[in-house]
Structure formats: structure tokens, C-alpha cells
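I've put the structures underneath this note.
Next come two complexes built around chain A: one with chain B, the other with chain C.
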Partner chain A sequence: MKKAATLALGILTSVGGFFDVGNLATAAQAGGVFRLQLLWPLLLGTLLVIFLVEMSGRFAAVTRQALPDAIRTHLGFATWLVPFLVLSLVHFLVLGAEIGGICFALHLVTGLPTPVWALPVAALVWLFLWRASFSAIENSTSLLGLLTLAFVVAAWQHRPPTGQILAGMLPTLPHHDPARYWFIAVSLLGAVISPYMFYFYSSGAVEDKWDDSYIGVNRGVSVIGMGFGSLISVGAIVVAAVVLAPRGIQVDDYHQAALMLTTAFPFWGFVLFAASMAIACLGAATEVALSMAYATAQTYGWNWGEDLDPREDARFCLMYTGAILGSALLILFGVDPLKLTLLTMAVNAAVLPFVAIPFLLLMNDRKLLKEHRNGWISNTVTLVVVVLSIVLAIVSIPLLIQGGS
Partner chain B sequence: MWNLYSLGLRPLVRTALVVAAASSLACSSKPPKEKLLDTAQTASSWIATLRMTGEQWGANSVPTSFVETTVKAARSELEKEADDAGKSKAPPELRDPFRQIVTEAKDVAKRLSQTAGENDRPGVAREVGLLAALQERLKALQKQNGGESQ
Partner chain C sequence: MPRQKENGKGIPDELELARDILDQQVVDREETKMGRVDGLVLELREGRPPRIDHIEMGAVVLARRLSPRLERWVDGWRRRFGVRKVARYKAPWSDVQELTSYHLKLDVGALDTPTFDWERWLRDHVIQHIPRPLKGNGEEGEKKE
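So, the complex of A and B:
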């Protein structure tokens, strides 16, 4: 009974926690410029992230160790150092993008400039992490995140052409602007396969004291939760394709994206957009800040745990405090939140090889995982991720220069 | 003299760096006309944004503060595009009418913000109509010059 409740809650929180600023920005851009043609990177990314998240949860349940901890212990500090530094950079940029998203949502509602909100938002995120327990953070923001289902409802209301949706699920070459097309495709993948997600998930499983008996729950949460979660991103692409593209609006600024829900929900659409953005970004900001603190503490062998008293893991708490403050400074000093988000999503795609390869090595360790180690299907999929991420790493740099400009 | 080999990089990393650098160089050179047509696409998108913002304000779907901040963002972007057009080496038959349209759009945007601030609904509807006309003119200009309006 307890497992069923954990599964149900896990699925709900995965759905509610799936959508963040990266998904919003890339989906709005994809739909606004290429209508339904870029649904395929989202589906591909979802399939890959399901496998990665399932593996990281299975690893934590069997070994009771989070990924950075295990990589350091079993592959050595020197092997983990470069992926750790890369992961820290990504954490920092994603956190800045998420804090920027909350600030922009508050700007929409109040009319005050986005940078004005940077420090108050940083204080709010920090206070939330300082005061709340792990399950309270995970469950509250993710359940509130179900508000983002407004994009699915809006997409449904607009009755998009089914044939075009199905056609968009198959990879096709662009009819115009190829550099932009591939840049957005890379960013969509980067938004879905955020490296922080599977590192955070494994630490969360350790926090929740998962053991072998949670392997089924983990599989259900990864497949159903992530699968349904990606529907929200599909909804956002559809809404942008149906509302913005026919009017000739491409999303180069969040003000343009803010109009997405206004035709499906007259009067409430604008408020729903701002609330969805704020909640999705708040949930992701807390997860990313925690993930950065987890990775650092586990890398250096410090005490860690969101449920510990801050006096027992002072360096862990100091880490997320510094990360939140540093990332908020990006927004305070006027970095454009949308540009930061798009840059971050491309970087996400580029760094995947660094974070996926050590993970793949561990998942095949017979001593560690015994009968739960990767089978050929999981290995093939992870290998596809690694090859795909090497290709993405090579193409995302020039695409960033041309397509993202 | 040093080269990539002397840096001691592994073959895969070296290849990736060379491909990335070559693609970056190849991507960064576009003819002035094409560059200006890209700029026109962005301008067209901002004019469409202003138009939809005005329409949604008229339908009570967005607050006045949103109109004001969107106009501010749009004007700043249109200003940049007018500057880029001024420096562009694109043919004058594209460059000059484009600058004219962008300048007019900036003025209309300013009036849109003012009329929304004064709760003048017929005034907002009038500016929305002007934005629609500017959008059409820009679309026609893009087509004449071989550009694609999405």
C-alpha cells in the first residue's frame, strides 16, 4: 500500500516537476518558428531521459549511493574531477536561468523590471531550502507544478491538426532557416536531457531511503511520470504553433511567449502563464541548487542531506547558499533570462558526454549492481545518448553562433 | 610553433575542435541582403507581437502594465534593428523602406502604450490597425526581395 502511494505521488511529482524554464523557452521557440515540425527532438529526448532516470534510480536503490558519490568511490577522484567541474558549470547556468524565469514571471505580474526581483527571489529559494524538508520541497513544488498542465488543456482546446502532429514526430529536414532549426532541435534535447536531472534523482532516492524493493516504483515513476511530463512540453509546442506562428510571432523574448495562453483562456491565460512559469521555475531552482550541493558534497566526501540540521552539514548548506546567490547575480546584472536559458540548454547538450560516460561505466559494474546491472537494451540506449551527445557537442558550438544569435 | 598535435589533445577532441571551428567560420559569413532579411523577420515578429498585445488588451486578456513593458522591449529591439539597417550594405531598395517601416512601427508602439495607459479603447484599436498595415508592408517588402515571411 505504501509502495502504491509512493508510486502515485512519484508519478504526480514527475509530471508536475518535468516542465521548467528550458522546456518552456525551447518549446515556445520551436512552435513559433517551425510550428509542429520539431516535436521529434522532444520525443527522442523523452525516451532517452526515461532510460537515464530509471538507471540512476535503480543504481541508488541497489547500492544506496548517489551517482557522484559512487563515481568518486569506484572510478577515482581524478576520473570524476572533469565531469564534476562541467556539471557544476551547468548547474550554475541552469540555476541562473530558473531564477531568471521566476523573476520574469514576477515582472509580468508587477511590471517591475526583472533584475529588481533577483535578490528577493534568491532569498525566497534559499529560505525554502533552509526551512523545508526534502519531501516537502519535492512534493509541494511538483504538485503545484501540475498547473503547467494548462498548456496541455490549451493545446486540446485549439484542436491542432492530428496529421501534422504525427508528421512532426518523425525527423524531417527544415523548409527554411536550417541553422536555427538545428539549434532549436539541440536546445530541445538539452532541455529534456538535463544532466542535473538524473544526478538529482539518484541523490533524492538516497534521501528517500530507497532499497531494492523500490525498483518497480522507480520504473513506474520514470516511464509514466517522465512520459506524461513530456506531454506538457508537447502542449507548449502545439500552443506556440497554433497561437504564435500563424501571427508571425517568433519567441526572441519572454514577453512574446507570455501571449501563448491568452487566446485559449481569455483573461486568465496571462495569469496562468505567469503562475506556471513561476512555479515550474521555483521547483526546478530548488532542485538544481540542491543538486549542485549534493554533487559537491558527495565529490569531497562531506556530510550531506536536506533533512539534516544545517549544523550537521554546514558545507552542504553553504554550497547551495553560494550557488543561489551567484546565479541570482547574473540576473541582477541584467543578463537576459531567455538568452541565458537558450545558451544553457545548448551547453546542456554539449556536456552530456562528460556526465553520461562515467554513469555508463558504473551501470555495467557487476560487483556493484549484480543482477540489476544494465541489460543490452539499456546499454544500447545509453550508448545512443553518448554518441548523440558527442555529435551534439560538436554541432552545438557553431549553431550557438549562427542559429542562436 | 605550436599546433593542435603539440597541445597533446586526444584525436576525438582535436577533430571536434577543428569541425566546430570550421563550421563556426562557415556559418558567420552571410551576404548583407540576407542578413537584413533576417533582421526584417525579427522586426516583423515584434510588430506582430505588438499587434497581438494590443488586441489582447482590448479583450481584457492582458493588463496595461504588460502592454507598457512589451512596448518598451519591442521599441528597444526595433531601435537596434533600425541601427543595423543603417549600417547595412544591403541594396537601398530593401534597406531604406525597411528603416522607414521600423521607424513608423516604433512611433505606433509608443502611441499604443500611451493610449492603453489612458484606457482609450478606440485609440488602441486604431494603433492595432496601423500595426497590421505595417506588418503587411513589411511582408510585401520581404517577398519582393526574395525573403520568406513565416
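So, the complex of A and C:
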């Protein structure tokens, strides 16, 4: 009975927690510029992320170890150092983008400039982490995050052409702006397969004291939760394609994206957009900040846990405090949240090899996982991720320069 | 890989040093996480297999694994700004109580070792001055009060 409740809650939280600033920005751009043609990177990303999330949960349940912990333990400090530093830097940017998203939502509602909100928002995110326990944070932000289902409802109301949706699910070559097309495709993938998710998910499984008996729950949560979660991104692309594209709005600015829900919900659309954005970004910001603290504490073996009194894990708490403050400075000093988000999502995709390769090594460790190690399907999918991510890493850097502007 | 036979303590009979011990999470007898096995020191013995003398913990030890120059640099920083009095915490192998796939348990209290110098300093100088949160002060916190 407890397992069924865990499963239901897990599915709800991963649906609610799926959507963040990266998904919003990339979906708005994809729909605004290429209508329904870029649904396929989203689908591909979702399929891959389901496998990766399932693996990180299974790994944590069987070994009682979160990923950064296990990588340092089993692959050694020297192997882990470079990926750890690179991913920390990327997470710093992601956190900045999420904080920027909350600040922009507040700007939409209040009219005050976005940078003004940087420090109050940082304080809010910090206070949340400082005071609340792990399950309180995860459950409250993710359940509120179900508000982002507004995009699915809006997409439904617009009655999009089914034929075009199905056509968009197959990869096709662009009719115009090839650099921009591939840049957005890469960013969509980076937004769906965010590296921080695996640290967060596996550390969360350890915080929740998962054991072998949670393998089924884990599978259900990752397949159903992530699967339905990605529907929100599909919804956002559809809405952008129906509402923004015909008006020639290409979303160079979050203000343009804010119009997305106003056709489906004439009166509430604007507020609904701001609220969805703020909540989705708040949830993600807490997750990214925690992931950074988890990864650092686990790398150095410090005491860690969101349910501990901060006096028992001072270094862990100061780690997320510093991360939040530092990332908020990006927004305070006037970095454009949308540009930061799009850049970060492409970088996310470029650093995927650092996530995928250790994954492949650990998930096949007979001594660690015994009968729960990867089968050929999971291995094939991870190999696809490894190869794809290396290709993306090579491709996305010139695209960053060409198509990012 | 050297293998070693151990006594009846919670230590497996066959170990691979780099794989099973180096970089392993170290916990104290209360299972508080206190750091990682940053270095291993072996004793070479005439005519007998080498054996582990002690494990080492500390940023300086980690830095040494990357390069001796980095080690000197990190140690310089520690001397100037560090809270830790000694660069390396050395735990004799005889203190090891248990070794599993996810931790190495030492028969010590983390708070009494230099590995917690920073943790203690931050708690007394920073955390102490911020109002306490609601969590964590259930059964765990009560004990400490």
C-alpha cells in the first residue's frame, strides 16, 4: 500500500517537475520558428531520459549510492575531477537560468525590472532549502508544478492538426535557417536530458532510503512520470506553433513567449503563464541547487542530507547557499534570462558525454549491481546516448556561435 | 592487485586496493560521513606480502594524486587560510571496523578528528548565527541538546 502511494506521488512529482525554464524557452522557440517540425528531438530526448532516469534510480536503490558518490568511489578521483568541475559550472548556469525565469515571471506580474528580483528570489529559494525537508521540497514544488499542464489544456483547445503533429515526430531537414534549426534541436535535447536530474534523482532515492524493493516503483515513476511530463513540452510546442508562429513571433524575448496562453485563456492566460513559469522555475532551482550541493558533498565525502539539521552538514548547506547567491548575481548584473537559458541548454547537450560514459561503466558493473545490472536494451540505449552526445558535443559548439544569436 | 586476508571484523577476505578502498566513503562509528579515503599507505615487509598501514584523508592528499606542485600549493593555502591544523588525517588500518561496497567505517568519532575541523568551524561561526530551521530537530536533534 505504501509502495502504491510512493508510486502515485512519484509519478505526480515527476510530471509536475518535468517542465522548467529550459523546456519552456526551447519549446517556445521551436514552435514559434519551426511550428511542429521540431517535435522529434523532444520525443527522442524523452525516450533517452526515461532510460537514464530509470538507471540512476535503479543504481541508487540497489547500491544505496547516489551517482556522484559512486563515480568517485568506483572510477576514482582523477577520472571524476574534470567531469565534476565541468558539470558544476554548467549547473551554475542552469541555476542562473532558473532564477532568471522566476525573476522574469515576477517582472511580468509586477512590471518591475527583472534584475531587481534577483536577490529577493535568491533569498526565497535559499529559505525554502534551509527550512524545508527533502520530501516537503520535492512534493510541494512538483505538485504545484502540475499547473504547467495548462500548456497541454491550451494545446488541446487549439485542436492542432493531428497529421502535422505526427509528421513532426519524424526527423526532417529544415526548409529555412538550418543553423537555427539544429541549434534549437540540440537545445531541446539538452533541456529534456538535463544532467542535474540524474544527480538529483539518485541522491533523492538515497535520501528516501530506497532499497531493492523500489525497483518496480522506480520503473513506473520514470516511464509514466517522464512520459507524461514530456506531454507538457509537446503542449508548449503546439501552443507556440499555433499562437506565435502565424503572427511571425520568433521568441527572441520572454515577453513574446508570455503571449502563448492568451488565446486559449483570454482572461487568465497572462497570469497563468507567469504563474506556471515561476513555479516550474522555482521547483527546478531548488533541484539544481541541491544537485550541486549533493555532487560536491558526495565528491569529498562530506556529511550530506536535506533532512539533517544544517548544524550537522554545514558544508553541504553552505554549498547550496553559495551556488544560489552566485547564480543570482548573473541575473542581478543584467544577463538576459532567455539568452542564458538557450545557451545553457545547448551546453547541457554538449556535456552529456560526461554523464553518459560513467553511467555506462557503472551500470554494467557485475559486482555492484549483480542481477540488476543493465540488460542489452538499456545498454543499447545508453550507447546511443553516448554516441549521440559526443556528436552533439562536436556539433553544438559551432552552432552556439552561428545559431545562438 | 594485492589481496589480503583479514580477521573476523566486517572486512571482506578479498579486496582490491584501488577499487574497493581508495576513494571509498569514510564514516565514523555513528555512521556520520567524515570524508573519503584520499590516500592509502602500504607497509612493505621483508619476505612477506605488503600490508595497509593507514589511510589518509585531506585535500592535500588528493592534490598530491594530481601533481606534487598542486600539493604544495594547496598546503600553502591551508597554512595561510585553513582551519585545519594538520594537513593529513591518518587513520591506522586497525581502526577500520567495517568495509562494505558503500562505506568504510572507522572506530572513531568524526567530531574528534581533524576531518571535521572545517565542519565545526562553519557550524560555530556561520550556521550558529542563522535561525534554526524546522527540520532535523526531531529525534536526532534532541539527543544533542
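Throughout what follows, the second predicted complex is superposed on the first by the 405 of 405 C-alpha atoms of A that agree within 3 Å, B and C clash if a C-alpha of one lies under 4 Å from a C-alpha of the other, contacts with A are read in each partner's own complex, and residues count from 1 in each chain.
Criterion: contacts are C-beta pairs under 8 Å (C-beta built on N, C-alpha and C of every residue); 3 or more make two chains touch, one makes a residue touch a chain.
Just so it is clear, the model here is predicted, and its values are computed rather than measured.
Judged by the touch definition given at the top, the superposed model places A:318 against chain C, while chain B stays out of reach. When the two structures are aligned on the shared chain, A:133 is found in touch with chain C, with no touch to chain B. In the superposition on chain A, A:334 makes contact with neither chain B nor chain C. Of the two partner chains placed by superposition, only chain B is touched by A:269; chain C is not. When both complexes are overlaid on chain A, the residue A:326 reaches neither chain B nor chain C. By the touch criterion defined above, A:259 reaches chain B but does not reach chain C. In the superposed model, A:171 lies in contact with neither chain B nor chain C. Judged by the touch definition given at the top, the superposed model places A:368 against chain C, while chain B stays out of reach.
Chain B contributes residues 12, 16, 19-20, 23-24, 26-28, 41-42, 44-46, 48-49, 51-53, 56, 59-63, 65-66, 68-70, 73-74, 77, 135, 139, 148-150 to its touches with chain A in the complex.
Interface residues of chain A facing chain C in the complex, by the touch rule stated above, are 63-65, 69, 72-74, 76-78, 81, 130-133, 297, 300-304, 306-315, 317-318, 367-368.
Residue ranges on chain A touching chain B, taken from their complex, read 33, 107-108, 110-111, 176, 179, 245, 247-250, 252-253, 255-256, 258-259, 262-263, 266-267, 269-270, 390, 393-395, 397-399, 401-402. Residue ranges of chain C in contact with chain A, taken from their complex: 18-19, 22-26, 32-36, 38, 62, 65-66, 101-102, 110, 118-119, 122-123, 126-128, 130, 132-137, 140-141.
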